[in-house]
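What follows is subunit A paired twice: with subunit B in the first complex and subunit C in the second.
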Partner chain A sequence: MSERTDTALRDLVTARRSPEVATLRLRRARRPMPVAWEVLVGVGLLAVVAALAIFAPLITPIDPRALALDQRLLPPTAGHPFGTDDLGRDLFARVLYGGRVSLGVGVAAALLSALAGATLGLIAPVNRALDMLIMRIVDGMMSIPAILLAIALVAVAGASVENVIIAVTVVETPRIARIIRAAVLSLRERPFIDAAVTAGSSWPRIILRHLLPGVASQLIVQTAFVCAAAMMIEAGLSFIGAGTPPTTPSWGNIMADGRSLWQIRPNLIFIPAAFLSATLIGVNLVGDGLRKALDPDGTRA
Partner chain B sequence: MFAYALRRLLLAVPVLGVISVFVFSLLYLTPGDPALVMAGDQATPDDVERIRVSLGLDRPPLERFGGWIWRVLHGDLGHSIFSGQPVTYMIGQRLEPTLSILAAGVIVSVLVGVPVGIAAANRRGGPIDRTLSVAVATSYAIPVFVAGYALAFVFASWLRWLPVEGFTPLENGVGPYLRSLILPALTLSVLFTALIASVTRASMLETLSQDYVRTAAAKGAGRMRILFHHALKNAAVPIVTIVGGGVATLIGGAVVIENVFAIPGIGTMTVDAILHRDYPVIQGVVLLTSAGYVLINLLVDLCYVLLDPRIRY
Partner chain C sequence: MTAPLLDVQELRVAFASAAGLAPVVQGLSFRLERGRTLAIVGESGSGKSVTALSIVGLLPATAKVDGHILLDGRELLGLAERDLRQLRGAAIGLVFQEPMTSLNPVLTIGDQVREAVALHQRMTGALLRARSMELLVEVGIAAPARVLGQYPHQLSGGMRQRVMIAIALACDPPILIADEPTTALDVTVQAQILALIRQRQERSNCGVLLITHDLGVVAELADRVVVLYAGRAVEEADVADIFDRPAHPYTRGLLGARTTIGAAPAGTRRRLAEIPGSAPQAGGVARGCAFAGRCPNVHPRCLEVRPELRPNGERRQVACHLATAVAFA
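The block that comes next holds the complex of A and B.
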């Protein structure tokens, strides 16, 4: 809130010659930020899932990798609330620890894509030739179906959590870059940018002080959606055997382990799936809520 | 129209160029020596050398790229390291199941999604509209293979109406062919129907707020005539766009769910290729599916002109 007011005041000072922009900014700043119910529900869901993942060692004493061949494929019981898999590993412990990997991949890939995508999207419009080059590469990358692009990257680079994060980042960066570039192009026509140019600001200063704050709200919303997409891609990659290595439990991985047994023990697939879906719903609710709060008129994509 | 088609075709060239450079350079992303990685643990130095030569890794990258592009343009995607068959032949063998699922998935999604979207727009905030918004949110939160297992659990395992897995080619009869397509196509359309319905709804709402719709109502046109005769055609461009754009998601979905239903298509072939580190096959699949996607969107762009004569290029 205070940061918004600061931006508004700064604009008032820098864009004095454009009273229209200044009043517009002030009105936006005075309006209290509505907290949509979606955000509350979403944050609640995410808090529960994150707490279960973070405090996994405190919640269950069982090692998610411990084999117990005399306790294979047990249905849910008091000792194993979610049952056990075909190697006798406790599904409850695996789902909790698996959350660490899935959430970690989602957050890491989202932050990396936001950083890379915002950099490309902010830099591209500076120069026409650069813009051409970057946007053609973005077009090309976006023409490769996302999961196939990720499969190809992980297949050649080797299955590891780091490579899954890198693959998802490569997939999602062009999407963010395109959205940020479009926002920058429309922002650039606004008078306060002319004012900054006239005042002799350098390009790096204009990008960081004027354009970045202008696209920040869209960047935050997109980062949330990329986080959801990243967890979805991780699950898909692990499911077909091109993701997180089998020794590390992740939600996608646990479901992949349960594949051959889904008719006998559907819990092996549907319980981790429920955790993944709850998380995705949470992230999407937060993203949608933020989008509505930051752009109540729905004027931007 | 012709000039536009030509210009649009030229725009696709740099996109295809970027795709091919990416697909080509995949091999260089391998940590260490790709030939050594591909040959596996039990390979003799002769095997490694043979793979190195067959991949052309003994020559400089630029020369290799030139030769590779030249062969790709002549329809030669190289040979599988594992089976030795030409990649184009392998893909051709697996094309029928994958294309069948994709086509069936698109048809089901459009046939369900468009009417639902129209109904939702017709009564904004009504029961169908509210159900749709929940369905859209849910469809974004369910991985496609989980949807596949859920459908298989209900219709194959529990009700026993449909085969659990497998694919029956068309030459073995239309009935069995369609039966084996139902579950995979339904799974794909779970992903896609909600998206099409929500785009249809938004586009219809936009169109229904236009003046000419009020004029049509004022001169006594019935609601059905307004929706289907006046509004739908003008609302069609965004719907066609999302069908074209969504094909990428559908291709990805097909690759994954072929593994749920054990369908011998491109997706299961890709997974085998990953297991064997069969890079030429992976490269071929990525290149061809991407090119197919570019082509479909080219056709979609050309469709706009047919749908909306106001669009002039």
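The block that comes next holds the complex of A and C.
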């Protein structure tokens, strides 16, 4: 490197630490992000539900699985804020612990679907044959009903939370893969991708550096919706007995346990249902708010 | 004699279409030397952008490319994607027409400039950042530290085109291809960008391949001009000869269609001279001269036999039957 560039480089390195640059950076950081009200409400709802689920052992000392046959079907009292079920188990504890399963399944399935879906959606458009292959497989996956798949999995591998997550992931991955693929197909035709190619970028690099950030907003929004769908599917599966095993409380199987008694003790079914609804509303509000914030014109799907 | 920097020989590009192969470039040859600027001039659809893209191997898979593209004597056509990637950016920099869309909207300028540098040079951390800032300074950006942290939408068109040039020149490529670099810019900014390209060329002694339809840009930058019509070169000459003594009627038509100030007598309005008709579609002319249908001097022979590119005077070639027969002042 020549003498001239050496000096120039040193000047620039010094310039970087100038106070002018520092204030500029601060100003950029302080600029407020526009936040939709939906996000605030949604995050608030989810924070409450998540806190109850995570800190369940601190909130209630009662074991959600402890039977107390002398305390069956109690109405809500001070000792049992939500009452007890037909086996004398404390509904409050069951609902809090059940939230762990529901939220866990929702988050895990959403993250796994996002990972798998984004990978497929980003890779598929690289070449036509691959696209054909991946998208037909995805179409095939999409045609499997979640409930049937879960029943089959439970029949083969036994009832477990993991199997529920797998079933939901298999069913939800295609949705994300298709949306990401569609976004990549349109993004790929933009001139800046050609520009990146002419700069000498390889395809893996273009996918990670240029395409992934471009579809990130849609990926985040879809992940939120998949999270809601996953919790719903989990509850449905548990309700019919094909999901979370009855020994582990989840909102779905708590409701299933309470359904025969709902005329006598409606709290057994409505309280877990209310928690599930509040959580789903929260997740959907967050998703919707993010969609609005990230795509204010509603021009994209 | 050493091999020219870029030697394009008999380049043919055709696109597969429903009606068979549609030829877009039909046997184009030209040479680009170090430190020189070659302009390829033509209307929309004459194949000039396709020529530029074929050099960097960016044409879609439906394109059929024949001929030779030699970079320092090394054949680029048919090169594996891997090897081509080594050359893109390092040996050939490309400036696109649309600075609005050629930068990734979700990455900062810094991300994109740094990436261009790091793709072909081993540089990290403070050095990489310093080199990025130096590049921006070299393209006349006054506050490089600020611009590095900004997103493309925060910059004006001219600034974006400066950034594009900085990216194209990040690795000091011997060849810079500028595909209509000023078309999308304001006139005042155009002049700045042209001056910038010329200044960068003087500094790095790179060969510039300029793709344009704007003869003003040609006059400003080019040393040598290839006039392209319907995928074929109709005239090739030094820039002064093109402007002072155009030999092909199409070249004369292009020159006549320029706007000039003060040409009209007071109180009258001079009408812009246009070239009647429109350029033929890709592969639309089977025989004869492609320009015959629009040529003011058309001759029966023009409709039958295609004129080949022939030497016409010193350092110039023309593809016209009448170029030698008719004297043009």
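Operating definition for what follows: the second predicted complex is superposed on the first by the 261 of 301 C-alpha atoms of A that agree within 3 Å, B and C clash if a C-alpha of one lies under 4 Å from a C-alpha of the other, contacts with A are read in each partner's own complex, and residues count from 1 in each chain.
Here is the rule we use: contacts are C-beta pairs under 8 Å (C-beta built on N, C-alpha and C of every residue); 3 or more make two chains touch, one makes a residue touch a chain.
Just so you know, these numbers come straight off a predicted model, no measurement behind them.
When the two complexes are overlaid on their common chain A, residue A:V107 makes contact with neither subunit B nor subunit C. Of the two partner chains, neither subunit B nor subunit C is touched by A:V126. Of the two partner chains placed by the overlay, only subunit C lies in contact with A:G214; subunit B stays clear of it. Contact with subunit C, but none with subunit B, is seen for A:V197 once the two complexes are overlaid on the shared chain.
After overlaying the two complexes on the shared chain, residue contacts for A:S143 are found with subunit B alone; subunit C is out of touch. In the superposed three-chain model, the partner touching more residues of subunit A is B, compared with the other of subunit B and subunit C. Subunit A residues in contact with subunit B (one complex) as well as with subunit C (other complex) do not exist. Residues 5, 8-9, 12-13, 15-16, 18, 20-21, 24-25, 28, 190-192, 194-202, 209-210, 213-214, 216 of subunit A are the ones touching subunit C in the complex. Residues of subunit C touching subunit A in their complex: 56, 58, 85-90, 92-94, 96, 98, 101-107, 111, 115-116, 119-120, 126-127, 129-131, 133-134, 137, 144-146, 149, 164, 167-168, 170. Considering their complex, residues 14-19, 21-23, 26-27, 29-31, 34, 137-138, 140-146, 149-150, 152-153, 157, 164, 248-249, 251-253, 255-256, 259, 267, 270-271, 273-275, 277, 279, 282-283, 285-286, 289-290, 293-294, 297 of subunit B touch subunit A. Contacts from subunit A toward subunit B in the complex involve residues 136-137, 139-141, 143-149, 151-153, 155-158, 228, 232, 235-236, 239-242, 252, 255, 262-263, 266, 269-270, 273, 276-278, 280-281, 284-285.
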